[in-house]
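In what comes next, chain A is part of two complexes: it sits with chain B in the first one and with chain C in the second one.
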Partner chain A sequence: MPEGKICNKQPINTVEQLQLTLADKSGIKYYEEMEHLDVDTDKLWASIQKTMKSRTKTWLEICAHCGLCAESCFLYQVNGKVPTQVPSYKIQSTLGEMVKRKGKVDNAFMRHAMEVAWSQCTCCNRCGMYCPHGIDVGVMFSYLRGLLYSQGFVPWELKIGSGMHRIYRAQMDVTQEDWVETCEWMAEETEEEWPGLEIPVDKKDADIMYTCNAREPKHYPEDIAEAAILFHVAGENWTVPSEGWEQTSLSMFAGDWECCKDNVQNVYNAIERLNPKRCIGTECGHAHRATVIEGPYWVGREDGLPPRPYIHYVEWLAEALRTGKLKIDPAKRIKEPVTLQDSCNYVRNHGLKMITREIIEYIVEPGYFVEMSPNREHNYCCGGGGGFNGIGKFRPQRNVALRKKMEQIIDTGAKLVIAPCHNCWDAIRDLEEEYHIGIRWSFLKPLIISMLEVPEHLKPKEEE
Partner chain B sequence: MFKKILLATTGSTASFGAARVAFDMAKRYGSEVTVFHVLGVPTKAYSQIVNDVRTGEEVEVDEDYRSWVEEEIRTTYAKQLEGLDNVRIILTTGVPSREILREARSIDADLIVMGASSGNSANYYRGYPGSTFQKVAKAAGCPILTVHRESASYWGGFSKILFGTDFSKQSLSAFLFALKTARELDCELTIFHALDISGKVLDQNEIEENLIAVRERIRSTYSPLMGDFKNYDIEVWEGAPYVEIVKLAREKQVDLVVLAHHTRELDPEKARIGSTVEQVIVRANCPVVSVSKPEKV
Partner chain C sequence: MYDFLTGPMLWLTFIVSFGGLLVRVILYIKGLDQQLDRVAYRAHLSYGIKGAIRSILCWLNPIGARGWRIRPGFTFMFFLFHIGLLLTPVFLAAHNVMLQDALGISLPALPSFLADTLAWIVVVGGVFMILRRIAFPEVRILTTAYDYLVLVIAVAPFVTGLIARYAVGDYQFWLLAHIICGEIWLLSLPFTKLSHCVLFFMSRAQLGMDYGIKRGGMKGSSMAW
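Let's look at the complex of A and B:
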């Protein structure tokens, strides 16, 4: 069978196709069709020749198979240290093999490669730091995912996720109307407690344009309200765009390069349209990576930067605390052991390791902050990164992957984990559901709000 | 005034009392009922997996599962659904409190009826107002009616309403709702304030002076709002508010308690100790309506 009805080489571009794919319970039919999907070897080889740049070629060639990357990979550590989980093996046996055979690979090979690419690597890029040659397997796996995607070998949920991005320009079926409506709703719900609070949509020339993760309007709209409260208290002149508000990119993890570009262009268009002084993204790791770190290259910006300065939420928060825009009531600081999850996508990928610790200094009573070991750029992936969290087929493997984070958290003795990344937050919630270690987890926003020193004029007027 | 009732249910026994009241009200007042059930929070990214409310097991939300759950709801409430034609069953996924608020807003509900808790937590939590109730009560624009235990008194509809006040802004909304209900359903209304003297050392004279002052305050605050409504009385007792409300409700055979909800604490562990509403819900043997916003009263 050249192509299946659900599992094929075509991206999901229509609502009908999306619904057809969604209706396939657990992707059972999808994966059945995948077993018979033809590999277009000519196209695959042509694509490799066209897109594989010298860096990847060099990396594949100079890898000495020394195995020094092995211990760097948390998946190697939690999976009994089997040789098949060594990063260099994982990439050499998939992408390396594909190149060596000049794209002449069969269906079984592609399905195996898919399994390795999405269940044995979270693209956390930790191995890259430990390789004596600086070879980053995570980067190469991202590349491999793109090749696999173009041939239709992609996990069901990520095919849907990238389809969502293509149709709704959001990782979930949140339409522009839904989004604007949610902003109005949250403003209504919050303004009583915070008089004067607004969520301005499409305000031109504001100081800040705020973008978020579609999970927020879809399931956790209070996150938007919390962002609004903090901007309000800090006295910021801010706005959200009606179009181009969604900053995440499941398409990046699906390997849908075309869609990645479209998404980030959509956000950049909003920036050009509204002309804010700068942009702030929500507490999300991969959204930052997609829009700020990799995005500029996807849309071909020569300076490698977004159209305006674009910072992560933790950077704004630290700045607001540092400059006194937000003040913490010292009596309300956290007085229990607390630890911090470093998100790979903005710590290892963007060096934002100290900024979160600066925030910690403001909100945690000295002596109560316990670092995970290792931490900062050496920290391990939450266990569910790179799309791993959402893939039902690989759920058992994901649950094993969570063990590393579980051990790290248990070792700190902390019951509260601060996780300023949606995916880490989800993974930590899942690990509690799976392993019941008795922890709580939180974004920074609700924590900060609970300990704010609110200026008198911003408080609601109580009659009593 | 109860044109649109949103019955938020887990389908478990903990919500049976609430369901019974909702369906009874619908029959009596010709309301439209939306039976609303949240299947669970879908896990991460774009997966459709939720934990089944009853079994706790991971299930995939598809058409089969949806129709199975809908069938379960129909079977559970089969008797009460008889003769009701204005009922819709809506299933969705997400965080329960958030989805209840979303639906209430989208259908412009006049009343949300829900159990105090999901009933699947540990035994000693049974009936305690859970986090879903706390969050809905805090943010909803309409009153929320909850029933902790079923009792015979209200099966014939509402005839006596007890409104407890602490003179807050939210209490005014609650009062307006109580008054409107009393008017429309032709009920007797008792306006009540419990003078909280816990932790204070007062002599009898002082207590009585305070009681008189409060009585006066109730008159001056609420009487001007009542117009020609005469079927009310005022009670002022001293004691812990929730205890006195429950006592008075029992003594007067009240079948609806109306209170304002204005705790800001969303952590149920903390909120449940402090809030009068929650304590009353646990202890009262009639439905309790909590009102916090003026929009729908």
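Let's look at the complex of A and C:
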């Protein structure tokens, strides 16, 4: 069988195909079909020749096989330092081999490469900081994922995720109507406690256009309400787009570059349509990476920047605290040991390491903040990055991966972990469920709201 | 034989070697692609150059990057090995005599004691690298015959050079062996992993630009990427 009914080289573009794939619980049939999927070796080689230029080619060639990357990889560390988890080995034995064989690889090779690409690398890019030659294995794995995806060798959930993005332009089946309704619903719910609060949809020329992660309308709409409360208290002139509101990209994890482009273009179109002064994305590292760091290149923007200044939530929050738009009641500051998870996607990949610490200074009583070790750009991945969190097939491997973060957190002695990234938040929740170390975890929004100094005129009037 | 090896063959070697390396540098730069690499090289050139220089300097300095600092033993050996590998051939008195004869110019020459020490460091460093490849599972799994070959090519001129210098056995034979090994060394530069002598700078510069432009440099972050 060259191609399966659900496991094939075609991206999911229709609701029918999506439902068909979803109906295959845990992808049992999908992975069965994958065992018989043909590799189009000519296309694979043609694609490599077209897209593998100086950077990757040189990296594969000059890797000195020195092994200095080994210790830098948290997956190597938590998997008993098995040599097969050395970053250089992982990429040389997959992408390197594929190139050496000029694309002439078989089904078993591709399935193995898929396993390595999605369960042995979270594309956290930490190894790139430890290689004397500046070889970033995470970047190469991301590239390999694209090649694997184009041949149909992609984990079931990510094939679906990418299909969701293609159909709904959201990582979940949240339609434009669902989204707008959720905003209206959250505005109504919140307005009682916060008189005058609005979630303006499609307001033109606002100061801020806010975008988020589809998980929020789908699973925790209170996050949208919290964003609205903070903008409201800060007195911001803001809006959300009815279309182009979703800034995540499971297609980026899947290696579906065509879909990545479509998604980010959709967000940029919203920017052009609504003409805000700037955009703010939610607390999500991968969404920020997709829309702000990588996105401009997917749509071919010469300057590598989004059409308007586009900042991560932590940047706005730090600014609002700095300028006094938001004021913290000193009595309500955190007075227990607390630590902070640095998200790879906006710390190591966008330099936002100090801004989160600035926020900490406002919200944590001096002496209570405990750094993880290592931290900032040297911090480890939460354990579930790059799509790892969501792939059922690799759940056991993911659970092992969580141990590094668990050790780091236990070493701080803190029971509260601030995780301003959806993916890290999920991973830390899962690690508590898996290992029961007795910790709590939180986004910044609810923490800040709980300690705000609210101006009198924004408080609800007491009804006597 | 000696005249051929130090005459026409040497010139050919220099042309192929340095010409080849230059071609590699040019091809590298030509193969950069703003969209495929996802780095806006042109639009933010000043940030890029700053990042590139920073990246190179951090890694040329044994305490400039965390990667070096956390492994002082390896780093010490690694730097000594490379210093010996680069300085000895260029500043060796005997080589400078040849240079003087051929072009009428010469570089400052290393005192022979220092030259000997450096050459020995290269040899010992080479042995150390071979042992390291065998001893550590994380390096062993990466190692191929090609890695050993590259090491042999890199160290052979020093081994033969030292034998000739101490006049162990037939001096003429070891001198010719030394010259041939040296020429193989030079000829291998553009065609093997030894091309990292220039591609190290290209790769670091590229990642430095990536960091300087996209991954934090424009946010004022300083990472020794």
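The definition used in the following text is that the second predicted complex is superposed on the first by the 463 of 464 C-alpha atoms of A that agree within 3 Å, B and C clash if a C-alpha of one lies under 4 Å from a C-alpha of the other, contacts with A are read in each partner's own complex, and residues count from 1 in each chain.
Everything that follows uses one rule, which is that a contact is a pair of C-beta atoms (placed from the backbone, for glycine too) under 8 Å apart; a residue touches a chain by one contact, two chains touch by 3 or more.
Owing to the predicted nature of the structure, the values given are computational and were not obtained by experimental measurement.
Q: Clash or fit: chain B and chain C on chain A?
A: Fit: chain B and chain C sit side by side once superposed on chain A.
Q: Should A:Asp303 be classified as contacting the first partner (chain B), the second (chain C), both, or neither?
A: second
Q: Using the superposition on chain A described above, determine whether A:Glu407 touches chain B (first), chain C (second), both, or neither.
A: After superposition on chain A, A:Glu407 lies in contact with neither partner.
Q: Name the contact category of A:Glu157: first (chain B only), second (chain C only), both, or neither.
A: first
Q: Once the shared chain is lined up, is A:Glu115 touching chain B (first), chain C (second), both, or neither of them?
A: Neither partner.
Q: Once chain A of both complexes is superposed, is A:Glu361 in touch with chain B (first), chain C (second), both, or neither?
A: neither
Q: I'd like to know which partner A:Glu3 touches here: chain B for first, chain C for second, both or neither.
A: Touch status of A:Glu3: no partner.
Q: I'd like to know which partner A:Ile62 touches here: chain B for first, chain C for second, both or neither.
A: The second partner, chain C, only.
Q: What is the contact status of A:Glu193 with respect to chain B (first) and chain C (second): first, second, both, or neither?
A: In the superposition, A:Glu193 contacts chain B only.
Q: Of chain B and chain C, which one touches more residues of chain A?
A: Residues of chain A touched, chain B against chain C: more for C.
Q: From the CA centre of chain A, what is the angle out to the CA centres of chain B and chain C, nearest 10°?
A: 160
Q: How far apart, in Å, are the nearest Cα atoms of chain B and chain C after the overlay?
A: Once the two complexes are overlaid, chain B and chain C approach no closer than 25 Å between C-alpha atoms.
Q: Counting contacts the way the document defines them, which residues of chain A are shared by the two interfaces, the one with chain B and the one with chain C?
A: The answer is that chain A has no such residue.
Q: Where on chain B is chain A touching in the complex?
A: 41-49, 60, 62-64, 94-95, 98, 101-102, 105, 139, 141, 166-169, 264, 293
Q: Where on chain C does chain A make contact in their complex?
A: Answer in residue numbers: 27-40, 42-44, 55, 59, 65-67, 70-71, 74, 133, 136-144, 147, 193, 195-196, 199-200, 202-204, 206-208, 213-221, 223-225.
Q: Which part of chain A faces chain B closely enough to touch in the complex?
A: Its residues touching chain B are 22-23, 25-26, 157-158, 160-161, 164, 171-172, 185, 188-189, 192-193, 218-222, 250, 384, 387, 389-392, 395, 423, 426-427, 430, 462-464.
Q: Under the definition above, what is the set of chain A residues touching chain C in their complex?
A: 51, 53-55, 57-59, 61-68, 70-72, 76, 81, 83-84, 86, 88-89, 92, 128-136, 293-294, 296-297, 300, 302-305, 348-354, 377-378
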